[in-house]
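Worksheet: one structure, shown below.
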């Protein structure tokens, strides 16, 4: 197994060995995070617990699991939103490749819509550090929001086009977090941000589900850097359901037709000389 | 509901209205499959149950859930397989777009590797129909495999490069299915196929996890057309874990470097006149 | 650079070295298909010529280039078709990741819409072989179409929802192919298929652009297996134009709104007990 | 144009009509940017010209075309780089969906690697504005780089792991730009940045191809916001060539095998109790 290099090397890759702490396997067993997949995990642990184990390296506590399940259920499905439309149109055009239609839907989990969970989580972390263990959360929130707005960044996770009051999913997620006995620090931070927004932004913007997700998850063992994964995993479940429906009850091309019924072409008319 | 067409219509979309039975919402509530998301589901149902509800329209039985959880856990992670490598390399090149790296990984859930679950499920369904309620499963399996091979199609879900004996995940999934009290019809069909393969194909090919998944799921309420969704959802969880690791302990470019250390260029040498 | 294997090997990858004939590079030069990128290609060859060189290993003749340019221009853009809508919706949701929005659009180049070029090309190849050097093309076409339909496969590349006559792009592509002096064999085959369709299928279906593309390209040096790449590359150009427009004149969410204005929810009503 | 809303509306989409200036069509013609696709464009214009027309709304001048062709040729292919590996691994796993493998490769055109073209272009624009019509470019460059570094942003488009001297593609692109008679303002800005980097950054970092592309394109009619599209379109051509090779001379799984030959598992060992 010696390696005679040919000179045609990809130097973008560093001359180091790849490493992972997630999984290894041999002919007889698969080890995941130090547990034997077949003996310890399959049939003994739920998919939510396994997701938590994969990401964090540890099995979740009851509170961790309750909150993670609640966030995944809260964000998996909200009807024919743009990413679902994109996915169903893609499936209609390429029905042999279900994975491509799911991928097209996931690609809409970006900074504007579902990615706001992670951005809100980072903002809450800044408030947490700004306040320190004993500081006032509202003062810290005001400071951080001011900084974000000065840098031209919107306040992520507040306001919703449909839900003018606090999004009902927010109320429920906070209740689950409390019932579960999860940490309430980031829920308090999220509420402090909501409280100071009118003063800093000049209008009320209520907490939406994208802010509630980090608010409750950061009170569990789930890491900040995994936050964007939660809406992605959740929406994948919703997308698969939509694509199963699309396979027998297609709407992809109908959506596309409806979308352009009133389309306005505002480019130049064809030149007369063209004919 | 009339619509004055502007002439610039997308005729690919049919002139029909899109329809869905999955979700609707108004300002105060989100209804999924007839259940109120906030009152009935968040905090009251696991993500696996919700995935089942989304896809099938009904809450799973205990057996349905146990089997679905077991399949999701079995297939979510198997180390640095090609789709994980593709995902980690994509993340290394585009770390701002986690969704893109997940999508790149999902795009490898194709016909050769993870898509075999669905194809095996379709083969088992053919055997089921060929045999009818009282027919001999081995005879039906022989008939169907012969037909598939005559049409140039490989037998999906049998044989594994690493696990020469029956894949340990197969043994475990079958045990879970039996413990759960799920239907055993398709497990029996899968074993009938395994039994007749030597005769038809000319060598032993043991059941692998891609055949075990449809074998156990088709004994629950999970539909044939949703089968490819199971490895896709499961792998999404594994990919997110790998990308969380990649973010702090990068291997993407190291994998790329290692991959090409012995790369052979076998094209024409540059023409001398080039200099 | 010795390699101490750890036992945790990805056996899915075969124990062979990767090989390529496309490109190699060292610190001072990049060689593509035996040509020095900087000395021979940049500034001396068009992008179309380079695409042809990359795929085929040889510079195109004038006829090859004229036909390839014509097909790329013919298929790059057709307005707000489903894949463009999917791409613009994805960009609206994730504007930081242009590559993700392009990818979402490309994922709609599937078997139903743009992938038909390749499938039609394979059908024409079968007719070519069926007829042999001197056989009657219509008889061969009838034989092949009959076979495809018996196997449950549609005839790819014939019929168009908007263009009931022969698609004007077809007429133009055939004229360019003739002017360029490219091979006419596959144009004749495509017309033979069109001529026999009424007899075999029971109704007239005129050649559409997806059949015209392989008909003209297979008369050049462009290979059958690269055919699906032509609409993919072409549409990438169109998608980039749409996304540049979307960045300053957004329509993605407006398309999504319009698409669901008449959406019918046909699932169960929320249970009364939900409240 | 009234529409009786059903209440189940996607409010994420704004209540406005979608608009486009790119393309419209009716049963007899397709109009692109005011030109008749079949009469004016197919067979009369190269793909590069068409890409320019699609993006900018105008046909390119000779200089515009020469520079655009040169950049597309320069960036299309650089061997088995990470995004090509990701694409070939994806194809190996899902060979039925060429579009998915291309998409996986495009998803690696992100901020770290190919997206740097756009970022460098934005930096050059800032220098242009900072200097104004008569200001000193080096002083302005110093000011802007200082600002970017103060904000924690790297200087995009300078330095290359393989090419320690100025990347040969840079030299060639600048020569083509000058020969073509394209605007030299942004080439001068790019060189001013290179000149002041040692002073600001503390080491020499030579212009690489990602900075050369905006430097030459911003001297043509090509818009800043389209810059990221250039490497994406170019790489799509390279990816298609690699996938055509992969289809007959597969390396995807071999790359994956090689990548993990020295993989180190550094997670916990399986618990003894697992067996």
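As written, the chains take the letters A, B, C and D, and residue 1 is the first residue of each chain.
Operating definition for what follows: contacts are C-beta pairs under 8 Å (C-beta built on N, C-alpha and C of every residue); 3 or more make two chains touch, one makes a residue touch a chain.
Worth saying up front: this structure is predicted, and the values here are computed from it rather than measured.
Q: So chain B and chain C: same face meeting same face, with over half the numbers shared, or different?
A: Interface between chain B and chain C is built from largely the same residues.
Q: Taking each chain's centre as the mean of its CA atoms, which one is farthest from the centre of chain C?
A: Farthest by centroid: A.
Q: Applying the document's contact definition, name the chain pair with more C-beta pairs in contact, B-D or C-D.
A: Counting C-beta pairs in contact for B-D and C-D gives the edge to C-D.
Q: Counting only Cα atoms for the centres, state how far chain B is from chain C in Å.
A: 26
Q: Which whole number of Å gives the spacing of the CA centres of chain B and chain D?
A: 33
Q: Taking each chain's centre as the mean position of its Cα atoms, how many Å separate chain C from chain D?
A: Once rounded, the distance between the two centres reads 21 Å.
Q: Which chain D residues reach two or more other chains?
A: Residues 1, 3-4, 8, 10-13, 17-25, 29, 39, 79-82, 94, 96-97, 99-100, 103-104, 107-110, 113, 115, 162, 253, 255-256, 258-265 of chain D touch two or more partner chains.
Q: Mapping chain-to-chain touches, which pattern fits: line, ring, star, complete or other?
A: Contact map by chain: complete.
Q: Quick check on the complex: what are the chain A residues that touch chain D?
A: That would be residues 1, 8, 10-13, 17-24, 29, 31, 33-36, 39-40, 57, 79-82, 94, 96-97, 99-100, 103, 113, 161-162, 259-260, 262-271, 274-275 of chain A.
Q: Spell out the residues on chain B that touch chain D in their complex, using ranges where they run on.
A: 1-4, 7-8, 24-26, 79-83, 85-87, 89-90, 92-97, 100-101, 103-104, 107-115, 252-253, 255-256, 258-263
Q: Which part of chain C faces chain D closely enough to touch in the complex?
A: These residues of chain C touch chain D: 3-6, 8-25, 27-30, 32, 37-39, 41-43, 45-48, 50-51, 54-55, 66, 68-70, 72-74, 76-80, 97-100, 102-104, 106-110, 115, 118, 162-164, 168-169, 171-173, 175-176, 179, 223, 225-226, 228-229, 232-234, 236-238, 240-245, 247-249, 251, 253-265.
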